[in-house]
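What follows is a pair of complexes built around chain A, which joins chain B in one and chain C in the other.
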Partner chain A sequence: MAQMLGLFKEEEAEAAANATEALERAGYSNEHFEVLTGSPYPEGAFGEREVKHKLYVFPFMGALLGLSVALLLTSATQMAYPLIVGGKPILSMPAMTIIAYEGTMLGAILFTVMGIFFESRLPNPSPGIYDPRITAGYIGITLTVSDDRVNAVDQLFRRAGAADVVIQR
Partner chain B sequence: MQQRVALPHPQINADLLKNVLKAPAWYWGIMAFLGGVVIFGSVLVAYLLNKGFGLSGAHRPVMWGILIVDFVFWIGISHAGVMLSAILRLSKAEWRRPATRAAEVLTVFSLMIAALHPVVHAGRPWRIIYWSFPYDFSRGLWVNIRSPLVWDPSAIFTYLTGSTLFVIVALIPDMAVIRDRTTGIRHNIYSVMAMGWRGTPRQWKLQVVAGFLLSALLLPVFVSVHSIVSWDFAVMIGVEGYHVTIFAPYFVIGAVLSGVSAVVTMMILMKWMFGWGNYIRQEHIENLAKLLVVIGTGWLYFFFVEFIFALYSLESQEIALRELQAFTWPYWPLALVFIFLSYIIPIPMWMFPGVRRNIRIMFWSSLVVNVGMWLERFLIIVPGLARKQVWTFDWSTYHPSFIEVMIVVTAYALVFLLLLTFAKLFPLIPLFDIKEGDILGDEIVIGKRRVPALRVEE
Partner chain C sequence: MHSNGHRPAPAVAVSEFTEDIVGRQAITGPRYRRAMVILGGLFVLGVIGFIVRAVTDGFDDRLPWGYLAATAGYLLTTACAAPLAIIGLRAIKAHWRRPLARLAELYSLGTVVVLAIFVPLMFLIPSAVDRRTMYFQSSGTSGLPGTLGRIPGAPQAYDLALLIALVVAAIGLVWASTRPDRVLLGNRRGVHRGRWWGSIKQWRVTTVGIGLIGAIYFVTLIGFNSMYSLDFAMALVPGWKDAIFPAFQGITALQGGLATVIVSMYVLRRFGKMERYIHMEHFWAASKPLLAFCLLWFYFGWSTFIILWYGRMPVEQNVMQLLYFGPYSVFFYGAFLLCFVAPFLTLLWNSVRKSCLGPTVAATFILIGNLSDKIRLYAGSWSVPNEVITDHALEVVPAARYPDAFDIMMMAGGIAGAIFIVLWMARRVSIISIWEMSEGLRLRVVRPFLRTHVSVLGKPE
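Then we have the complex of A and B:
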């Protein structure tokens, strides 16, 4: 098996889109290839598959956990040293609300960041084929092909207008 | 007004990573100077802690001096970043792109510096954790959660954690750009920090969603932080000038005014220092000036309401405090300078397009707003305590000592030092955001003219 990366110039985004279409015609669905860019392009610009994620669940989970911990900490702290001040209840709701609010938000933020890393599949110690020209504006299309199809895909990329094709066996 | 110039990605990389890849000689000169100031200030702090807080000008009844003024000031500056970045991101304002990172980084560093002030002010910093969260298992004593001195650290901790993570998440794609342009040990370090980023559609999608989601989460936190800082004062029943219900929104909008002004100053400095004229353009400064007119006028409303309601109550204590602030030496000249610098001079000026488009005038006028806003905090904190009250037996006026003044100077130097250090390690303008703006930028033909147009971000 070989990993291939077709590189298209920044100003030839259309050529990259044409290459993905050609790949689909050659029998590779958008499950097989991946488009690499140095900046975010509008979703689906290159015919890549729709990205599905569950990031929105993370802040809710974090918020719930943060709220629970904050309520537990504040109420347990007051119950552990039950000093009645001015005849007021042991549990001071306004003060608890403030700390519970901060706890909720902290939990939501921490879980969101964890969610971002999880859903982005980062950190990724073996990211696969890559070329530094991607961050210089080139658009890359990667896919893994069997050795006997390397030449065909190479030709396909070049016919579509690729500036270079990188092959890693 | 659009002055966009579409630049190829290699040029964007070269321009915005200029300082990261090879810093000019002047950069090291400034770093050395700021480092010297910070070292001198640190020595003075060590001396103060060794000899005791009596070396400061704090004296009964004014036990909160310019260190606490500076604490509130830097908390205020920290509101620039997330507020600006979050609101502009959520509203999809196109001109946000060069401003967001600088604003977020300013938030992080000013918040760190703000948190240092009460630590020094406490006199015994090694006990600060115990005082903030005194879980004393050996003696069975627990935190008094009714105290705002416990609310404050929890709010600052949440805000600092959130803002730092916000910056880190948005830095990952730019780490990959630096990784691809460095060799040797620097390449290895940036490779670790880029975490295997390749720029797949999934990674970009998550990056964009993360920007919106974290903005939405940090907005309510930023409002809570300065509200809680204001409650450090507002829940004090014994100090009339502090015990005000309007303090929370008044502090928040004051913080936004000083914070956004600081971002304008910083962006102009970045434009001058790094030659980023193609990225920080007239339109960005002009739009920020328009925003500041609105924020400043909102702040004036709260200032006015706070003052008028204090007088309207006809309570002798309140009236005595206002007399102290507005008519008594040495506070009255400070009050005059404060109101002129915070509002009367800059805001009417910014109504004129010619002024908003003049970068030099914008630099100085945004700078003076912060001088004024620093004085505002001084006039709230010091005269509030300086009044002779019924139970005050030991009374004296407050004069900041040399050490306190130097700590304030050191705080400025430290923020600049940290910002410049950041600028050496990471780009202060998000590269991917600028590139995305170029991709979304377009031109349409209307009749005989080609006019700039923008596709809306999805």
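Then we have the complex of A and C:
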């Protein structure tokens, strides 16, 4: 198996979009290839697959965990020191609300940061093929192909207008 | 060209822009060095002022520390609030935010300076037990109106927890938004670090993540600002009860944050030679919400004032003297003039709004007025001695304590520290977000239209 990276100049972004179409005609679905860019393009600009991520789950999980810890902390400390003043209930919701709010925020923040970290690394833990020219504006299309199809994909990229093709076996 | 002479700024190619910004990153100019030396020197002076104050006055009496408390309040409602403007603009997908986004986000690191100031201030505030605070803490022996058992550490531990959450959010925001540019600048030096390739998923996660962290930062800052104003100002003055005050402080944060962005934008354009990317349109667009915030400042300020002024109950009279017309009246009038009257009268005129200098002058008024407002609130409330803060009413209005040399050193040092961090970070990541600007430049073209030219902007979302 070989990893291939077709590099297209920024001003020839149309060629990159054509290359993804050519790849699909050659039997590679948009699940097989990845588009790499130096800055974000509008979604679907290269005909790539719709990106799925679970980032929205992280802040909610963190918020829920933080809220639970805060409620546990405030309830437990008040129950451990059950002092009734003026006949009022032991658990005071107004005071607990403040700490619950803080716990919720802290949990949400920590989990969101962790979420960005995990979601932008996974599920692709290996660095894969990369070229620094991508940060200089080039558009990269990367995919893994069997050794016998390397030449065909190389030709496909070049016919579409690739400025360079990088192969890593 | 329009009849009023205005024409859209010419389009800039992405590659040209990137090379320009990357080229600037490679050079450390003499102005930058001078600014860093001055800011660093002021920060060191601030630390010296703090040490001298700690040695000479100690931490038993709160009075000598009032101006440091005001500095923390000022930074919260100016530097730390600067990202709020961009977070809001990003949420509504306003494209003109792009050249200002990084600058505003870097200001969030001012929370680190606030944390450094907050830690010693914590020890000057008494426990919430047997005091009138929002924690309702009673020991059960004093007869004071606490209604529950103790939540240990109130208010300090919980204010600190929220501030730490804010600092984490600030660092997370800066980390996430600078990640692509750090990789770009690293690649130019021949170093590819980290796991950033620029895949579609990474871009999607980054843009969504920045939005989420930004929203959390917004809520946390407004929350902490409210708690700081309650625990470190209102709860220290017997008889001061005002439900609108935290919201008023929230408005001063929105106003002060936007003013910070406008003044910084002017400095960046004028002295950072960014005229190609920061145009009059940015000042014009920012001046409109700034005018609205001036009116909101008056509305909320009036709402808090009218309760005391119109009610004028015995318990409220001395509070009004302390906060408005008594020993700190000069700071109240200063805040009123510079946060409302002067910027309102300046921004009222479209010809003034439609310039680079007009909104900057108004924003400068606001930044000075905001400082005056914080001195009135914090130096005023910190002049109330501990012995009387559990009383029903403020019987004697304490005399004004004007800042001495060490107070001025600490205030200047705190403000300089926040700006120092922004400039220091600006050398490590570009002061203009390369990836965000590139995205915007790609979506904008200037086209002829009849006898003029118009800017055509693609909005994919």
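The rule is short, and it goes like this: the second predicted complex is superposed on the first by the 154 of 169 C-alpha atoms of A that agree within 3 Å, B and C clash if a C-alpha of one lies under 4 Å from a C-alpha of the other, contacts with A are read in each partner's own complex, and residues count from 1 in each chain.
In the analysis below, a residue touches a chain if its C-beta (ideal position, glycine included) is under 8 Å from a C-beta of that chain, and two chains touch if they have at least 3 such contacts.
Values in this document were obtained by computation on a predicted structure and should not be read as measured data.
Superposition model on chain A: chain B and chain C are shown in a clashing arrangement. Once the two complexes are laid over each other on the shared chain, residue contacts for A:137 go to chain B and to chain C alike. Residue contacts after overlaying the shared chain place A:12 against neither chain B nor chain C.
In the superposition on chain A, no contact is made by A:24 with either chain B or chain C. Using the contact criterion defined above for the overlaid structures, shared-chain residue A:90 touches chain C, although it does not reach chain B. Contact with chain C, but none with chain B, is seen for A:82 once the two complexes are overlaid on the shared chain.
In the superposed pair of complexes, A:108 makes contact with chain B and with chain C alike.
Shared interface residues of chain A (contacting chain B in one complex, chain C in the other): 10, 34-43, 48, 51, 53, 55-56, 59, 74, 77-78, 81, 85, 92, 95-96, 98-99, 101-103, 105-106, 108-110, 112-113, 116, 119-121, 124, 127-128, 130, 132, 134-137. By the touch criterion stated above, chain A contacts chain B in their complex at residues 10, 34-43, 48-49, 51, 53, 55-56, 59, 74, 77-78, 80-81, 85, 92, 95-96, 98-99, 101-103, 105-106, 108-110, 112-113, 116-117, 119-128, 130, 132, 134-137. Chain C meets chain A in the complex at residues 14-15, 18, 134-138, 140, 145-152, 154, 158, 161-162, 164-165, 168-169, 172, 175-176, 180, 183-184, 187-188, 190, 192, 195-209, 212-213, 216-217, 219-220, 223, 227, 434-436, 438-439, 442-443, 458, 460-461. Per the touch definition, chain B reaches chain A in the complex via residues 8-10, 13, 135, 140-143, 145-146, 150-151, 154-155, 157-158, 161-162, 165, 169, 172-173, 176-177, 180-181, 195-210, 213-214, 217-218, 220-221, 224, 228, 431-432, 435-436, 438-440, 455, 458. Of all residues in chain A, those touching chain C in their complex are 10-11, 34-43, 46, 48, 51, 53, 55-56, 59, 74, 77-78, 81-83, 85-86, 88-92, 94-96, 98-99, 101-103, 105-106, 108-110, 112-113, 115-116, 119-121, 124, 127-128, 130, 132, 134-137, 140.
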